[in-house]
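Both complexes shown next keep chain A, but they swap its partner, so chain B is in the first and chain C is in the second.
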Partner chain A sequence: MNEILLTILAGVPITLLLTAGALVVGVLGGIPLVAARQSRAAILRLPARATIELLRGIPPIVWLFIIFFGLGTYVRLDAMSAAAIGLGLISCAYLAEIYRGGLAAIAKGQWEASAALGMPRTATLTRVIGPQVGRVCIPAAASYAIGLLKDTSVAFTIGVTEILYWANDQSRETSDAFWPFVLAAVVYIVMTIPCAWAARALDASLRKRVAR
Partner chain B sequence: MISLWTAIWIVPTLVCNRIQFDPDFPPEVPVSETKHLPGQTDRPSESAGAVRLTSLVKRFGDHVVVNDVSMDVAAGEVVAIIGPSGAGKSTLLRCINLLERPDSGIVDVAGIQFDAATPVSGKDLARLRRHVGMVFQSFNLFPHLTVLRNVALPQERVLGISRTEAEEKAIRLLDRVGLKDKAKQYPGRCSGGQQQRIAIARALALGPQIMLFDEPTSALDPELGLEVLAVMRELAAEGMTMAVVTHEMHFARDVSDHLVVMADGAILEEGDPDRIFTDPEQPRTRQFLRAVLDR
Partner chain C sequence: MIGDWIPSLLGGLGVSLKLTALSLGLGLPLGLLLALGAASTRRGLRAVVIGLVELGRGTPALVMLQIVYFGLPAGGLTFSAFISAGISLALTTGAYTSEIIRGGLQAVPQGELEASSALGINHRDTLRFIVIPQGLRVALPALLGFSITIFQATSLVYSIAVPELLGKAYSIGSETFQYLSVLFLAGLMYAAITIPGSWLSGRVEHRLSRHV
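And then the complex of A and B:
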């Protein structure tokens, strides 16, 4: 039992790395995507909407197969990178939508005050609106991140050596189809619950500093 | 993969100018050059610091909110705009700094002229707004910044001065509105009256020639309104050009040099405040004044 657990724990760094990688791609990539999505120019807005729908409308596992097996036939791509790219792109779409909700939540007066003060557009976005949107988005982004942490388990299907990979490995090794997976479940829950607590605490402390 | 990334990252960046998060921000700024009317640059003439609105019309859909209004604010003058709600007072005021773009008419502010028929360049808009400060009913302070940063940040970004210089000036202005000790607080920790005084300091920090007040005390309980009105009285005494939309009849009567009464998108009558308060010409004005004064 101990040995099974230790083997499964070996997958934790990979799971965390994959989650963090995809999240970084999503948090950054979501910004230009929401910018295009909210653009006045249809030439940006429509492709951005299409991209978001496409990324969200196809299951992660299918994306990973397309990238790893499909693109993999043309480009050398290891499983970890393929998973990070796939989950990262999907995260871009989800975070863009979270940002969009955040933008809608910012009081119109913040834009008006910035305009009336004659603040340049970049300063308005980076110093006034952006920081507030960031704060509004924390709860939604945090629950997305927790979902993402769980979703990294699909990377097992393309051979990334994360938690589920080792659980499956141990299941075959020990011919036990129960305990390795239950232990994997415990490992996941031990990681996700504190994340949720932390997000809630962070949100509560930042909530007051946003005008909605 | 590379081309997908290019599409996601580069394209929006390139066309950053087209990005718009809020339908009203920025007010329509078409790309073409602004056509200046003859003799109208930053002329520092006797009308500097003054506002002249000519035949302004503003519609929201089919609804005409401001209907062919012309109005002047002379340099150093305090104009109070009163009238029932829905009269178009705030909209008229917001046309002065082009937060609302009039559908027709001419806005002439601090010697810069804008014709509703001609598109305004971002540069001209910035120039206009440097001359005009605005105070809102809902304060609109930046909640994520300290009081000090609220007053300093616009200076840094608009006037391009250093953080130290901006914060020194911010402290001076906060002192002037009696809130120096709140500098390190966040606006959420301040009362409404304090927030509004901070908003006034923030606007003054940019050295405007004209100050617009859009119902600055309407969101405050009467006692807190007084401290805001006191700051405004001081400002008026110092000779600031002010246009004030207000429901504070005492303020309108005592402080303003010129009173404008609006109803249904038009000016009912205007002139000396004392004269209008004691002997209004229009029955509609009399009806309005009786309603607000007899409560």
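And then the complex of A and C:
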């Protein structure tokens, strides 16, 4: 049992790396996506909306297959990059929607006040609204990140050597079909609990600096 | 070429939809039971139920699937891949929807409970005729949203060889080597269900919020 657990734990760094990679892509990529989604120009707004809908509407495993097997026919891609690209793109769409919710939560009066003070729109966005949106979005982004950590398990299906890959490997090795997978579940649960605590603490401290 | 794939893909989509129905049909009643357990006045019961819900939500759906499909036969229970998939997704559904339903039940004003006890209505009838119908109505948009998620999650059962949409697309891909087109087509079929589905749940939410 110890040996099974140790082997499964070897997948933890890959799971964390994949989660972090996809999250960074999503946190950054979500910004231009929400900017286009909220744009007054239909030529930016409509493609951005369609992109968000498609990225969220197609299941993650299907995206990974499209990238790994589909694009992989034309471009050389290893499983880890394919998984990071796929989950990263999906994260862009989810975070863009979270940012949109955050933008809506900031009182409209703040835009008007900035305009009355003669601040240009971009300065209002980067100096007044943006920092508050970031703080308002923390809880939703944190629950997304926790969900993403669990979703990285789909990368197992294209052969990324993360937690579930090693659980499956141990299941074959020991011909025990039950315990390796249960241990994998325990590892995921143990990983998500401190994340949830950290998110709650971070939210409580950031929430104090948002004007509503 | 694409015309030849459509019947097989549509057959796969049918299996995905049947699996969604089975998962929701088993999972939603389970979610209601767990929600009632988590709101129970008996402390021991409440602690056990909340623990089970946390375990269910912390385990990635794909890991749950491996546990049920490979693990239960080891315990002497053997089901077909389709039934195992349904049971596993129903467990995930039960855990997630219990939290949604619990939120709905808690939204029923405390005064109504006091009023019904003043009228001499017993606890069971209060739940049955007052709390559950209203609570479920509040929870409906979130439950619809979750149904879309579980429909997406049926693509995971490709990994235990259930011939659903992704499985069909992948096998066509491996015969024709046209992975990109066939997988993308399958992705569009998922999106053709999930995108209207999320619009629908948005509209339901909007309609119900008029009366709050």
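Things worth noting here:
Throughout what follows, the second predicted complex is superposed on the first by the 212 of 212 C-alpha atoms of A that agree within 3 Å, B and C clash if a C-alpha of one lies under 4 Å from a C-alpha of the other, contacts with A are read in each partner's own complex, and residues count from 1 in each chain.
We adopt the following convention: a contact is a pair of C-beta atoms (placed from the backbone, for glycine too) under 8 Å apart; a residue touches a chain by one contact, two chains touch by 3 or more.
Computed from a prediction, not measured in an experiment: that's the story for all the values here.
Model built by superposing both complexes on chain A: chain B and chain C fit together without a clash.
When the two structures are aligned on the shared chain, A:P59 is found in touch with chain C, with no touch to chain B. Applying the stated contact rule after C-alpha superposition, one finds that A:A142 touches neither chain B nor chain C. Judged by the touch definition given at the top, the superposed model places A:L71 against both chain B and chain C. When both complexes are overlaid on chain A, the residue A:T51 reaches chain B alone and has no touch with chain C. When the two complexes are overlaid on their common chain A, residue A:K150 makes contact with chain C while staying clear of chain B. By the touch criterion defined above, A:A105 reaches neither chain B nor chain C.
Contact with chain C, but none with chain B, is seen for A:A185 once the two complexes are overlaid on the shared chain.
Of the two partner chains, chain C is the only one that A:S171 touches; chain B does not reach it. Computed from Cα centres after superposition, the angle at chain A between chain B and chain C reads 110 degrees (steps of 10).
Using the contact criterion defined above for the overlaid structures, shared-chain residue A:L17 touches neither chain B nor chain C, since it reaches no partner.
Of all C-alpha pairs spanning chain B and chain C in the superposed arrangement, the closest lie 13 Å apart. For the contact definition in use here, the residues of chain A common to its chain B contact set and its chain C contact set are 71.
On the chain A side of its complex with chain C, the touching residues are 53-54, 56-63, 65-66, 69-74, 150-151, 153-154, 156-157, 164, 167-168, 171, 176-178, 181-182, 184-185, 188-189, 192-193. Residues of chain B touching chain A in their complex: 1, 4, 7-9, 11-13, 15-16, 18-22, 24-27, 97, 99, 125-126, 129-130, 132-134, 136, 138-144, 153-154, 157-158, 186, 188, 199, 202-203, 206. For chain A in complex with chain B, the residues that touch the partner chain are 29, 32-33, 35-36, 38-41, 44, 47-48, 51, 71, 75, 85, 89, 92, 103, 107-121, 123-125, 127-129, 131-132, 135, 208-211. The part of chain C that touches chain A in the complex is made up of residues 54-55, 58-64, 66-67, 70-71, 73-75, 152-153, 155-156, 158-159, 166, 169-170, 173, 177, 179-181, 183-184, 186-188, 190-191, 194-195, 198.
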